[in-house]
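The two complexes that follow have chain A in common; it is paired with chain B in the first and with chain C in the second.
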Partner chain A sequence: MINVSGLKKYYYKSRTFLGGGTDVVKAVDGVSFSVAKGETFGLVGESGSGKSTIAKLLTGIVKPDSGDINIGGDLDIVFQDPYSSLNPCMNVKNIIGESLYIRKVKKDEIEKRIKDILSLVRLEHSVLKKYPHQFSGGERQRIAIARAIVRFPAIVILDEPVSSLDVSIQAGILNLLKDLQDKMGLTYLFISHDLRVVEFMSDHIGVMKDGRLVEIAGSAEIYEDPKHEYTKHLLSSIPRL
Partner chain B sequence: MNFRILFGSIIIASMALAAIFAPSIAGQDPLKTDLSGGECLKAPSLKHLMGTDNLGRDVFSRMAYGTRVSLSVGFIAVFISLILGVVFGAVSGYFGGWVDNIIMRTVEIVYCFPTLFLIMIIITFMGPSMINVMIVIGLTSWPGLARLVRAEFLSLRERDFVLAAKVQGVSNLRIIFRHVLPNALGPVFVSATLSVGTAILSESSLSFLGLGVQIPTPSWGNILSSGRNYMDYAWWLTLFPGMAILLTVLSFNLIGESLREYFDPRLVGRGN
Partner chain C sequence: MIRGWWEGVTRRMAEEIDVEIKHLTVQTGTKTVINDVSFSLYKGEVLALVGESGSGKTMTALSVLDLLPPELERVRGEIFFNGRNIFDMGREEIRKIRGKEISMVFQEPFTALNPVMNIGTQLSETLIAHGCFKPTPSKVHGPWSIVPAFAKASEGRHGPIMSDQLKHLLSTVKLLDNVLTAYPHELSGGMRQRVMIAMALSCGPSVLILDEPTTALDVSIQKEILDLIKNIQKERALSVLFITHDLSIVNLIADRVCVMRQGKLIEIGMKEKVLNAPEHEYTKMLLGCIPRLGDTRERLPCF
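For the complex of A and B:
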């Protein structure tokens, strides 16, 4: 469903005002992986390791310097911060319905789809006329998820979808995401810095460091038998419960 | 309620009423001269609330009609500059690159000239009239707004909800009007309110200099101008139009400043 090979994206910034030399930031430096239909691929790594750049490259917001991206269907995204990912000037109905509206779906069909999706993400139908500031972080993230799945995309990119939420709410959102995947056959690219969350969600896990994928393995394998030094380091830094 | 908003709104509301109902409250024809003995340069009385001018015209009536000129020039000029400022600022901030470069260099060039001087030059070519004054003030005052709108767009276009819209395939035009512009309107609205005061002041200056509304049509600027020859013994000819200009511009500034603090509390106590 997703096939990425040799993906590269460098950022350049001039070191001085007059351009006396440039620093190169290798955000993504030769990354290849593939994700099968209905599967979750987890990308884990510290901040600055290039995880989010991969998300932006897949959506097409950012163009790669080189490499190939093959995507077998519609794609949508859920961002980390539900406070900046929902337009404060639009009500829930317009936020969720926009992608259908611009595709000229009929009005009553849009209405019906929005209501179906709201039930799926477990929100009341009464939220339609409300604005984002009237909701809690967890509810906002449910709205963002509803927006992402309303046009039945094949793939959803989840860019740290629970990192900014209270721990007590995280589990609810993660279970909801798994549920939706089962019901709708979604393919997920799940990005997080939290190895435990990634392990819970993913079928396969890719470990990123400085723009490279240092290890790709099945989610159970990586826990039991980490190959790369960095993976071992990440695992050892998880607090034991 | 905020004292400044209350004060400003009362003044502007009464000015607006005066402008709308000018014919009924004026009581007398603002253009009717009365040169028969003793009707010229009369001090304020019950018959002439603000006295009469050197041609025996009722100053109160002229002031009432002048309110129409000032307010309509203020609002229409700002409306023109708002449209230009929002369009250029939005395009500049949203698309960036060479488009941004061209628009911003143009803005800087316009900024190089003192605005009133620029307006006077253009008016000299176009000929003085109320319509031309509105257009020219509008055409010369958009650069500040364009910069403001551009700055808002620059920060808003990186927000996640804009990226989400892009991912969903929403068109640039729709993103600009549905997602970015509504979130940029607060500061734009503040700046527009302040500009109304400036535009009214520019119109008065132009009319004072004879480049604005042409006599005998009354405007605060030309009433003030015709009164300056008689300043030593007919104070009412300069005091009333001067006060009207002062109060109106002050009111727009007070409202603008309060709105600014409402939209951005961090700015309290700081200069512009």
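For the complex of A and C:
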């Protein structure tokens, strides 16, 4: 469903005003992976490791320097921060329906779709006329998920969807994402810095460091038999219960 | 004789308590934000205050410093610090305690730091306010220092803030001296939180309140910050009130745990007991909803 090979994206920062040299930030440096249909691929790594750049490259917001991206279907994204990713001036109906209005879907069809989606993400119909500031973090993230799946995309990119939420709200959102995947056969690219969450969600996991994928393995193998030093470091920094 | 012994015990117990909260009830309008909460923070212990957002844990911490937002009203209850009720103190008296005897680290290190002040100036603010700042006259660098006016101006910009006291403060949180002249946006999240901790420790407080200090950080940075806090706490025998929503962090850092829900205190006890044999259903849920490595569960429990 997703096939990425040799993906590169460098950012250049000129050191002096007259161009006396440049600093290179290798955000993504030769990344290759593939994700099968209906599967969840987890990307894990510290902030600055290039996880979000991969999300931006896949959505086409950022163009790659080199490398191929093949995507077998529609694609939508859920962002990390549910406080800044929803437009504060739009009510929930317009936030969720916007992508349908743009595609000139018929009005009755839009109404029906929005109502279906709301029940899928377990929100009341009364939320439609409310604005983002009236919701808690968990409810906002549900709205963001509803917006991402309203077009019935084949692939959803989840860029740290639970990192800003409480653990109990996080559990609800993770369950919801799994339910939606079962019902709609979605393919997920799940990005997070927390290996526990990635491991819970994913079938395969890629560990990123400094723009490179240092290890790709099945989700059980990664904690049972980590190969790379960095993966071991990530595992050791997780608080145990 | 028994009476004398008993008095000795109670006195010792009273000495060991740093902060004592008694029947604290806080309301906004008709909504009860904190509902009859009582607990004590003993000297040299780490007490974790755990609960979801909206459970009243931050408001409980803010009451300790008498910093409740104006729309919240304390209906009932006392908070004793060193045997004195905080709510009986005058404005100036409580200001002498805030930041000096009891200090607090806030959740979001980016919003807690002033974006237009460099780190050195921000660090010195607390020290100056409490009269603890010892500026060291530092050398002025550069050829312009020959001209007295320039030398003075340059000292004003960088001189005092490069004081040895501030350098020492930064070294306690394992940051380099050059951070003093940096601005918050130049630092990473972990570095900002280290600066916040340095700021809280600057006047040598006996009680430290940490409000979700690692929630905005990556897991690996979180481990570093928690280790740092734990080391400093042991070195200085600080009493720490650690607020979090994540029980797995509690396991790393706390001695005792206090679980709050909807403004009520529902469970309090030693860490080992609460984590291994929780009494309350809600505590069990909070424990269960954290994914673990090698989790075979299909779904996580949640309310």
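Note that the second predicted complex is superposed on the first by the 241 of 241 C-alpha atoms of A that agree within 3 Å, B and C clash if a C-alpha of one lies under 4 Å from a C-alpha of the other, contacts with A are read in each partner's own complex, and residues count from 1 in each chain.
Please note the rule applied: contacts are C-beta pairs under 8 Å (C-beta built on N, C-alpha and C of every residue); 3 or more make two chains touch, one makes a residue touch a chain.
Please read these numbers as outputs of a predicted model, since none were measured by experiment.
After overlaying the two complexes on the shared chain, residue contacts for A:Leu75 are found with chain B alone; chain C is out of touch.
Once the two complexes are overlaid on the shared chain, A:Arg147 sits against chain B while remaining clear of chain C.
Of the two partner chains placed around the shared chain by superposition, chain B is the only one that A:Ile102 touches, whereas chain C remains out of contact.
When the shared chain is aligned, no partner comes close enough to touch A:Asp203: not chain B, not chain C. Touch criterion met: A:Glu224 reaches chain C, while chain B stays clear of it.
Of the two partner chains placed around the shared chain by superposition, chain B is the only one that A:Asn87 touches, whereas chain C remains out of contact. In the superposition on chain A, contact of A:Glu39 is made with neither chain B nor chain C.
A simple residue count on chain A separates chain B from chain C, and the partner touching more is C. Those residues of chain C lying in contact with chain A across their complex are 52-54, 188-189, 216, 218-223, 226, 245-249, 251-252, 275, 285-287, 289-295, 298-303. The part of chain A that touches chain C in the complex is made up of residues 46-48, 136-137, 164, 166-172, 174-175, 178, 193-197, 199-200, 220, 223-224, 233-241. On the side of chain B, the complex with chain A involves touching residues 159-161, 163-171, 174, 178-179, 182-183.
By the touch criterion stated above, chain A contacts chain B in their complex at residues 56, 59-61, 75-77, 79-81, 84-90, 98-99, 102-103, 144, 147-148, 151.
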